Amino acid sequence: MATVVTPMRKFLNDPEQVVKESLAGLAASQPDLLRYEAEAQILVRRDAPRQGKVALISGGGSGHEPLHGGFVGRGMLDAACPGEVFTSPVPDQMLAATRAVNGGAGVVHIVKNYTGDVLNFKMAADEAADDGITVESVLIDDDVAVQDSLYTAGRRGVGATVLVEKIAGAAAERGDNLETVAAIARRVNERARSFGVALSSCTPPAGGKPIFDLPEGEVEMGIGIHGEPGRRRVPLGSAHSVAEVMVEAVLSDLRAKPGANVLAFVNGMGGTPLIELYLLYHEVEGLLRAAGLTPARNLVGSYITSLEMAGGSLTVLELDDELTALWDAPVHTAALRWGV
Amino acid sequence: MATVVTPMRKFLNDPEQVVKESLAGLAASQPDLLRYEAEAQILVRRDAPRQGKVALISGGGSGHEPLHGGFVGRGMLDAACPGEVFTSPVPDQMLAATRAVNGGAGVVHIVKNYTGDVLNFKMAADEAADDGITVESVLIDDDVAVQDSLYTAGRRGVGATVLVEKIAGAAAERGDNLETVAAIARRVNERARSFGVALSSCTPPAGGKPIFDLPEGEVEMGIGIHGEPGRRRVPLGSAHSVAEVMVEAVLSDLRAKPGANVLAFVNGMGGTPLIELYLLYHEVEGLLRAAGLTPARNLVGSYITSLEMAGGSLTVLELDDELTALWDAPVHTAALRWGV
Amino acid sequence: MAIAIAMDAKTITVWMGDVAASVRAEREYLVQLDAAIGDGDHGINLNRGFDAVVRALSADEDSPPGKLLILSGKTLVSSVGGASGPLWGSALRRAGRTLGDAPTFDIAELAAALDAALAAIVDLGAAAPGDKTMVDAFGPAMTALHEAVNRGAPAHEAMRAAAAAAEEGMRATIPMQARKGRASYLGERSIGHQDPGATSTAMIIRALERTLSDSS
Amino acid sequence: MAIAIAMDAKTITVWMGDVAASVRAEREYLVQLDAAIGDGDHGINLNRGFDAVVRALSADEDSPPGKLLILSGKTLVSSVGGASGPLWGSALRRAGRTLGDAPTFDIAELAAALDAALAAIVDLGAAAPGDKTMVDAFGPAMTALHEAVNRGAPAHEAMRAAAAAAEEGMRATIPMQARKGRASYLGERSIGHQDPGATSTAMIIRALERTLSDSS
């Protein structure tokens, strides 16, 4: 099988401007929902700050769209801080966002567990404290492909981030206080596990070259969302066999109660179309039921991506009544919308 | 299931089963919205038939997801008939769907203008007439890349299909009669134009090979949605220059009233991520305003695709107050949802 | 000289079996032809369709040839999709109706049935000669068939002339610019490629020629 | 033997200018190293950051060297992002605070400032020697620097020893398995690749050595 090197098949102007131009486009398409503060490079909910409401912000490298900007709006994030492609944002962005959304009830920082994100958010939180703004940082680390040990930077934050932003956002919207919103966010992270696979590499615009070479017919198992190579490379099997690996990896680590209701999130990495994601969901749903779990809720689509990478990830969240109600609560963002 | 090594970068089991398995997955993920009638291979709105409501069905080859199955639900389609990948469905499917959704007020067939779709829908409509079901067929042909002349099969139906299904679906939902719903559908098609470009080819699962070869750095201008080669191939320029070609092609043919409100639909072909689609929308929005039009509504995302093809299309619909109100009306489907 | 024997239901089942086999054998080739100027599914479509026809016929022992052709046509319509399904499906149905309930048919009746098949394709698809479609293989085949029948050639000889003409017509589609079907979207870029539908049509007629030759 | 002259604000601006130039020159190389075990942005991050530092310094004529280092560090924090931004940003800030407001500094004071820089990186990133990070280049450099200073070597000679040790430490990261940062996700697959951060760190120290040599 010939190795196909992914070329730059992109809608692109100046690679240095891709993030700014894309943010401007998102803002232009959602004028009622959010505003783009170009100077600070942040997306802010149109009606922020909302007095008395706990505010949620998140951020990270770009290239994962719709994460995070597509989740700014009612019932989810109050602001998003997009860094350069695959590079965490700088503290100035998180600080500007924290100030822009603070309604006096405190601000939750949803931080995916990557060294860069953690360090930059930490610096911003320290400075926000100097302003007298109370910040609760919630670390997302749901990726079972990484061993959580002294020998790694800890688990990466991946698919659970979307679920945390939705569910904690609903808690803030209904008026929960800072501690409660943060606690719910941590509970979602606590009860969620993810595992991702790549069927192709991806090409950061500024670099112009695929971040790794993946021959056709091979699959990279246990990838993150930054084109980091995974933990091992194996021949690509059937969707059923890939789903078996994903479900096994996630469930063996999640250890959900027998018969528990779960939310099954089948996510595309950016270059994999819906026809395949639904096919994959068909396999996942069957395997979850076979494992004695009930997929009471699901999300199928490309919500946390790696540019145009072909591949997908599975996130399973063990639900309880409160998390289910908060998931069902109305949300109105560019990428997730229901009930309103 | 045996672990087969596939040369394709796809989540796939038996290539002959991809459509059925994907439909089963969509149905499993949306149990409240629709049911999958595997025997007839159709997706039917859960609460169909709705007595007294004009019903809408559409169909076509698969590989364009979320079209059409993702648009079955409240305020849009009553049923979808998915054929094999890139192959129009057979009359049996359209007939079964027509019977399943007929609520006594007649059925609208939304037919994209491809010889195969037209012939198969025509045979189904004839048979439905034998059953005494009144069918109005609406032909969608918005693709300006094809000259509408005696020397072609006529313009292809592309992006406008999504807008017709949403807007005519809203008309049916509010209780309009068969003639009115069909007339509104035709008005949308009449006032919409589209143009698409491919940055890569795509690989039908059963064929296993890319449908055409597109070297890096080249773009296929004026493609359809079946991986048909376009009308010409040129070096890939900036997103701005591609947007200029798309907007020029669409507007010169649409001839909208100066200052008119338009709906700008920037669509991804399946393998192009949102970061690029928003960047492209940024260009398109500026060019439309520069042309003296007002992008009063927009839709940005991958809604009518060609498997994993990288690329995009622009559809511009000239709005009037009624079409705008019908676009804004509540819709609840797997792929489009708002107001409910 | 060979003694032309009367044709019957067996002729239809053998013919359809031969078509299914040759379409399966040429599936990739037809896909490549369609990928060049269409959407790359023609070989897959017909393979699916004629396999279904063979299954349907094997379940029908004792119907007359006309009924078997109608069954074959309906099966194609219900299993192929695309442009070629309704076109060849209607063609075989129309041919079957022309043969009626007679247990056998001679070469003149076969020619009349094939005339009806071609007419069905033209009625439905409105293709004219030179539009780069299956009609450009089917049309010349019928002209040659009638010429041979009129000069009293035996069935298999007449059909051999028809098959040769179909293949000539098939090759003649290469320089044509498509005016019907998907290939027409390509405009001048459709020139230089052989039409997949004309190709499969020539295969279908060649299969009939083999059927008659073997039974004579 | 060369006469070691006192170092001042000029030393900082020249050093940062040299770092910006060498990072720009090695941008692709650093990207490749990071693509192998990280996410391929290290060269782009530092290029963006040190270009910003040069712009910031050019707007500041008359601050003492300590203030210029603080400005450089703040600029890195505000422009780089990723892991390396806060790490090198805090390092330069801490080094600047150590130099205070003095208009000049000697090699002993420079060594103390660099000690503070390394301490800032360790405080923030908690990396231990052998974790396959920038610390594995910075640590050995400081050991060598102190050894040379203690034996009374002139500034540029001492710094040459530090730069050589940094490059040795950089190469020594190749067989290491990463325990910090993105590369740690790869587990054993991180073995056999040179750490990008250790590589850029060796470049930063080599740039300082050039700065001192040219000014001596």
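So that you can tell them apart, the chains are marked A, B, C and D in the order they are listed, and the count of residues begins at 1 in each.
In this section, contacts are C-beta pairs under 8 Å (C-beta built on N, C-alpha and C of every residue); 3 or more make two chains touch, one makes a residue touch a chain.
No experiment lies behind these values; they were computed from the predicted model shown.
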Shortest walk length in steps over touching chains, chain C through to chain D: 3
Length of the line joining the C-alpha centres of chain A and chain C, rounded to whole Å: 55
Gap in Å, rounded to a whole number, between the CA centres of chain C and chain B: 33
Chain B residues counted as touching two or more neighbouring chains: none
Category of the chain touch graph - line, ring, star, complete, other: line
Pairs of chains found to touch, sorted by chain label: A-B, A-D, B-C
Residues of chain A that touch chain D when the two form their complex: 61, 83-92, 114-116, 119-120, 122-123, 145-147, 150-153, 156, 204, 206-207, 209, 211-212, 224, 226-229, 231
Interfacial residue positions of chain C with respect to chain B in the complex: 31, 35-41, 44-45, 48, 77-87, 124-125, 177, 179-182, 184-187, 189
Of all residues in chain A, those that touch chain B in their complex: 1, 7-13, 18-19, 21-26, 28-29, 62-63, 65-66, 70, 199-200, 216-217, 235-242, 270-283, 285, 298, 300, 302, 305, 307-308, 310, 312, 335, 337-340
